[in-house]
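Below are two complexes that have subunit A in common, paired first with subunit B and then with subunit C.
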Partner chain A sequence: MTRWSFRRPSFWQLVFAVILGAGLYSTVVRFTGGLGASTALSDAFPWGLWVGFDVLCGVALAAGGFTLSAVVYIFNIERFRPIIRPTILTAFLGYVLVIVALLFDLGRPYRIWHPLVMWNPHSVMFEVAWCVMLYTTVLALEFSPMVFERLRLERPLRILHALTVPLVILGVILSTLHQSSLGSLYLIVPEKLHPLWYSPLLPIFFFISAIALGCAMTIFESFLSYRAFRKRLEIDLLSDLGKVIVVTLAVYLVLKVQDLAGRGVLSRVLEPTYEGRMFLAEMLLGVIGPILLLSLRRIRTDHFGLFVSAVLVVLGFIMNRLNVSITGMEASSGVSYFPSWTELSVTLMIVALGFALFGAAAKYLPVFPETERLLASSLVEPPAVAVLRRPWIGTTPLVLILGGLFFIGAMGSAYSGLQHRERTLAAVSTREESEPQIAEGLKHLEVPPDVTFPQGEASPGPVIFRHASHLNWERPDCTICHHEPFRLLKASGSAASSPARDLHDERHCGRCHDGRTSFSVKEDCTACHRP
Partner chain B sequence: MVAFFVILTIIGFILVDSLVQWAEARQGRAPRRTVPHPEFAPVLALETVSVPAGLFLDEGHTWVRLEPSGRTLIGMDEFARRVIGRVDAVELPNVGSVVRRGDPLFAITQNGRRAVFRAPLTGVVSAINENLARLPETGRMDPYEEGWVCALKPKDLAAHLRHLFVAEEARAWLRWEIERFKEFLTLRPMPQSALGQVLQDGGQWAEGVLEMLDEASWEEFARTFLRSPRASAE
Partner chain C sequence: MGDKKGLLLDTTLCIGCGACYEACKERNQLPRTATHFLEDRLSDQTYTVVKRRGGRFVRQLCMHCEVPTCVSVCPVGALEKTAMGPVIYHEARCIGCRYCMLACPFGIPKYEWRKILPRVRKCDLCADRLAAGRPTACAEVCPTGATRFGDRQALIEEARARIRAHPQKYVPRIYGLEEVGGTSVLLLSDVPFERLGYRTDLLSEPLPLLTWQVLQKIPNFVVVGSVLLGGIWWITNRRREVQLRERQQRELREPSAPESADSWHEEP
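And now, the complex of A and B:
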């Protein structure tokens, strides 16, 4: 009798196949039909789920990589070394998937290389692009020893070993820059982002929360590998990471409250509005809940407790990034955004690919080295206090009650926020319909000071350029001149050299002073040159 | 809206996964075992019970592995594992609790019967194998790796190690224990159904022979082989 070696696929393998199928279909739609056909995005709401979840959260996945490598290689706390490889792997996959997500989200993905060549150092996007690129390179190098070990290539391994410390330092710097620059990205929309989230401290908030998330992700992903490979958990290391989370989140909480109070919007947290409730949900879920849970030693040293706390941190963090990128922007845009199913399926596919790649790497590469146990030197010594007394409530029920309380509280808050959402959006759209109050705005219009161009050789006299007389006071528009002709002329009031020839040409004054739009530069010199 | 939706989706996935895991555990299918379940229950040739040469054995049928960090891993040895057979639950110590050599360290239950294993060393429990709590059958095929029970940060390690067997001594002692166990079995009343070949025929005992024995034999086994401390009666 022939025996078929076909194994019935497991439940998750089936789910993976379905997700992959839907995702691939959406990919085809996206790249043939464009963003308009495949997403619910619009000109009023250009950044949706792909940016908020795939990019912002994907980058933050990698935060574990820089946190742990800083701990092990820079602060030299060696006992965390056993968990560094899976963390690096997560970080690397996180970044690779961010780039995949970017290819979906960029309107013209084939121009992704532009920031490499066309530098615009004034743009936050420029910094973000370079950070992504450099840090992915660094992560690839940090990850490559696993591949070389597997292929038994000695020479590259030796080279990389020598490079480890500089690489790690570079990685920590780049990743710090990148985490915070994603916050800076939102500094440029002060009038669009809701004041509960808009803060000059956004880069710092993004950075601090990324550290907490990095630790939580390390815990979470240890549990995943434990679930998938029945790998032994380094519970003592993980519970130490729990301590780090408590401290980091506490700093975050204090800063957040200070910041809200300083900007005078603290009272808006408790207002029954869409944003207020969502903000409350995010803080309960990702900050206050985990601080409380992880402060209890019993929960911190318990498997289930650690897992639940880590999940709370991760969820709260995702909520924060989505609030910044989507919730906080909805009111000002006046558009109701909800991702289309193609957006959802692409996102699911990217996440599923992440899981699959991690699984494959863990299976075929030395991610969890055999010698891991040997390297786990000088383990934490638990306090020598006997815990023989049976506590009044088991740890698992305690975790369930506390974690459930915070989760349900947060979700309840978010749900009650949704009740106010329609009203928020409706209020905005009626406001949009009324005429823009130009007269009101003109009262506050300030034009830049006059610019004096000194007398050149062969010139009848200096020229004083008045902004006020070059402006249409009915509908002021600076970009008529300041997009091309005078973009390089800073309004400094003292142009050092005034090459008259150039100023007369059609790229400067001559553009309008051509005898048709206004009097020509060739007519009366004294109209401009006052001796 | 989107944030709310995403959070609920993730929680949904986690819940579905725990359901899947629960279902797998219920079917008794420990997911992705490295060692496949045997098709038939193997006949236990007790002589094949082994111990890795580098492990220390205690008279209470626990093993101890030293790690360079100074931490020790502890589990039950293959003899105990195979003689006992099915394990319904493992009672693990609390992380952080202080145990002295000879104190009860962990216990296994089978059919409501309980066998307490004594601590081979003095120290502080620094980690426990949660796998065992969830899937007590973990490590049935591999008691020295997957079947570890807890980690101990030992005290007075050097003094206590002298009481443990290692290498040739361990193998010799284990052989002696096996002979003693055969004698023990011959004196026990066996249920009729179990009677096939007997030792006198050159028969071997099936794995989990203790499952077939009565309460008194179980108690006797715990007392004489596991050297269960008094506290087992608690």
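And now, the complex of A and C:
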């Protein structure tokens, strides 16, 4: 068997190949057919999945990176150092993928650099653009030691080492700005975004929830790496992150309730509407469920419990961003939006690329502490307490029951919300259209002056067109004749419009003077041509 | 010349003749997009429409806000409010993020979805005609005076005079006087504006203030935040150094087995 012989691909390799194939096909559709051909976007709904998921969620992936680097480098809490590299890698990949998504979403992607030179400091999008550019650079620098270490380049390593603290400070500032500014993007649509999500505190909500997501993603990917590469699981650190999540989400919940109550819309949470149910689902899944699960020490220190809680946080977070960008905007737009398969497959491709790049980096770069690689089997050791004090229910069933309860509750709520969706949207689009009153306007009607058409060579006489005799006085409609051939606006040169062509044809006078609507142009010439 | 121009739309005078619609198409050289103009809607090829709403004919077009939301949200300054009033579009700057479309409180900017290199499209209040001292195309052809062109201030006076002269007829309000900080296009009506499809729940402050309140804090945030984080680092780092020094001294006094050093702790 040679090195190049065909190896049966694994299940995940096959999945990856299918996703990549579909994504690449959609890429071709996007860049040859334009946004109209490749997305479900419209004038009424200009931002869809690529903004709501790829950009809003992709950026938040970086939150783990800035939170942990602040903890380790600024607050000098050294304990967390072993998990800092995977979070920086995630953050870096998150930003790279956001840029990729932007290249798909922007109408003119080749002008993505314009905000560098064309400034508008009044625009949140301008701030977002600068944050993306600067923070991607910072993350690349924070990530680069992994590459330099691998290549054994000492000099750049030393330079970067000296720059670490300023870079981290810059990173934390930029991240804070960026996470919150994604929320600020929606501050400008108070009359469009549903009141359950529109709040003057949007930037703060986006920032806080991003921190919770950052911690949850760190837990999530640590578990995946543990499964895939048998990396050591820093369960102590991760369950501490679980505590951070509880506190962060609790602050979020309190602020959220205060904000809703302060704006007098708290009662709308429980109303059986599309938005109410989707909001409830988001809160159950991403906030209330994880707080409850992670508050229990047994679940927090349990591998499976921690993993399930992290997944709930991530799903709830994604739902929140999609609710802000899609659910909350649908009613005011008057249209329903569901992403096209092209949008979905591009998004899937970007997510798959993220996983693949993370896997490749974890394999080839010193992302995880190399010395601590252990066999997975040796890690699954029951905590001493669990052996001593046997609880009435095992931790795994408990996690399954509680996690499942919140998951099913959220899905049920979302499903019930979707049942109300059509009604919400239909209520907006119906408008009565009674026949308008025009009596008052008719009194003010000034009929345009007569037009004398110049006499042609074979013409029996000049034609004077009278507006007054060509008007339906009960219901005037200028557009019957004033389509292209008969100009409305005064030409800059001559006063009267003088078509050079024969006016008898069916585009001009002949259109109505055809013997049916009115007498035909082929009949009595002197009806119009007055010698 | 420096005076701000505007349009006054009096829905009580509109007879739905479609002259404004056709004149707009003619001036902007736009193709035909509907079998009849009353069936049409705003799009990348239609910058104004006449709608049947609430028993009246009413126009829709860009309102040319005094403090335009679209201008404030555009990251590259592709939209501009000119001194004479029109909000115009510089297509060479546009990156196609469509934030203007999301943000416009009137839902006006439209996109060329079918094109590979799309542009944002909307009414530009005939900026070139205004610069040449001429009225907008739609105002020039309106046969009843339902669309009047003039100085914005004069039009406001005119609108007030009409309401004063017929208080029993008009809704006592000029739409566009205060909505989102005022617009260059003003409306008068004898039926409530919301029945005409015009939102009456808009803020009277310009929407850009909502984001500017946050954005203007950024420079301060960057400076204070950097100093604060730097200070925290200074303190925690010093504490760590002191701890290390103390431990070294302890070890010198009572030598014991050195703690296992983790090589991985060395990286930046």
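The definition used in the following text is that the second predicted complex is superposed on the first by the 407 of 531 C-alpha atoms of A that agree within 3 Å, B and C clash if a C-alpha of one lies under 4 Å from a C-alpha of the other, contacts with A are read in each partner's own complex, and residues count from 1 in each chain.
Note that in this section a contact is a pair of C-beta atoms (placed from the backbone, for glycine too) under 8 Å apart; a residue touches a chain by one contact, two chains touch by 3 or more.
As the structure is a prediction and not an experimental result, all values here were calculated from the model.
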Could you let me know whether more residues of subunit A are touched by subunit B or by subunit C?
C
Just checking: does A:Leu49 make contact with subunit B only, subunit C only, both, or neither of them? Give me first, second, both or neither.
first
Should A:Thr327 be classified as contacting the first partner (subunit B), the second (subunit C), both, or neither?
first
Would you check which partner chain A:Ala414 touches, where first means subunit B only, second means subunit C only, and both and neither mean what they say?
first
If you stack the two complexes on chain A, which partner ends up touching A:Pro203: first (subunit B), second (subunit C), both, or neither?
second
Pick one for A:Val311: touches subunit B only (first), subunit C only (second), both, or neither.
first
Which partner does A:Pro448 reach: the first (subunit B), the second (subunit C), both, or neither?
second
Residues of subunit A that lie at the interface with subunit B and also at the interface with subunit C
none
Residue set of subunit A touching subunit B in the complex reads 10-12, 48-49, 52-53, 227-230, 232-233, 235-236, 278, 281-282, 285, 301-303, 311, 315, 318-319, 322-323, 326-327, 330, 336-339, 373-374, 376-388, 407, 411, 414-415, 417-418, 421
Using the touch definition up top, name the residues of subunit C that touch subunit A in the complex.
12-19, 21-23, 26-27, 32, 36-37, 42-44, 52-57, 69, 72-78, 93-99, 101-103, 105, 107, 110-111, 113-118, 137, 140-141, 143-146, 197, 199, 201-203, 207-208, 210-212, 214-215, 218, 221-222, 225-226, 229-230, 232-233, 236-237, 239-240, 262-265, 267-268
Using the touch rule from the top, collect the residues of subunit A that touch subunit C in their complex.
31-37, 41-44, 46-47, 70, 73-76, 78, 81-82, 105-109, 111-112, 114-115, 118-129, 145, 149, 157, 160-161, 163-165, 169-170, 172-173, 176-177, 180-181, 184-185, 187-192, 200, 203, 329, 369-371, 431-438, 440-442, 444-448, 475-479, 482-484, 487-490
Applying the document's contact rule, which stretches of subunit B touch subunit A when the two form their complex?
1-8, 10-11, 14, 17, 20-21, 31-32, 67-71, 94-98, 124-131, 138, 146, 148, 153
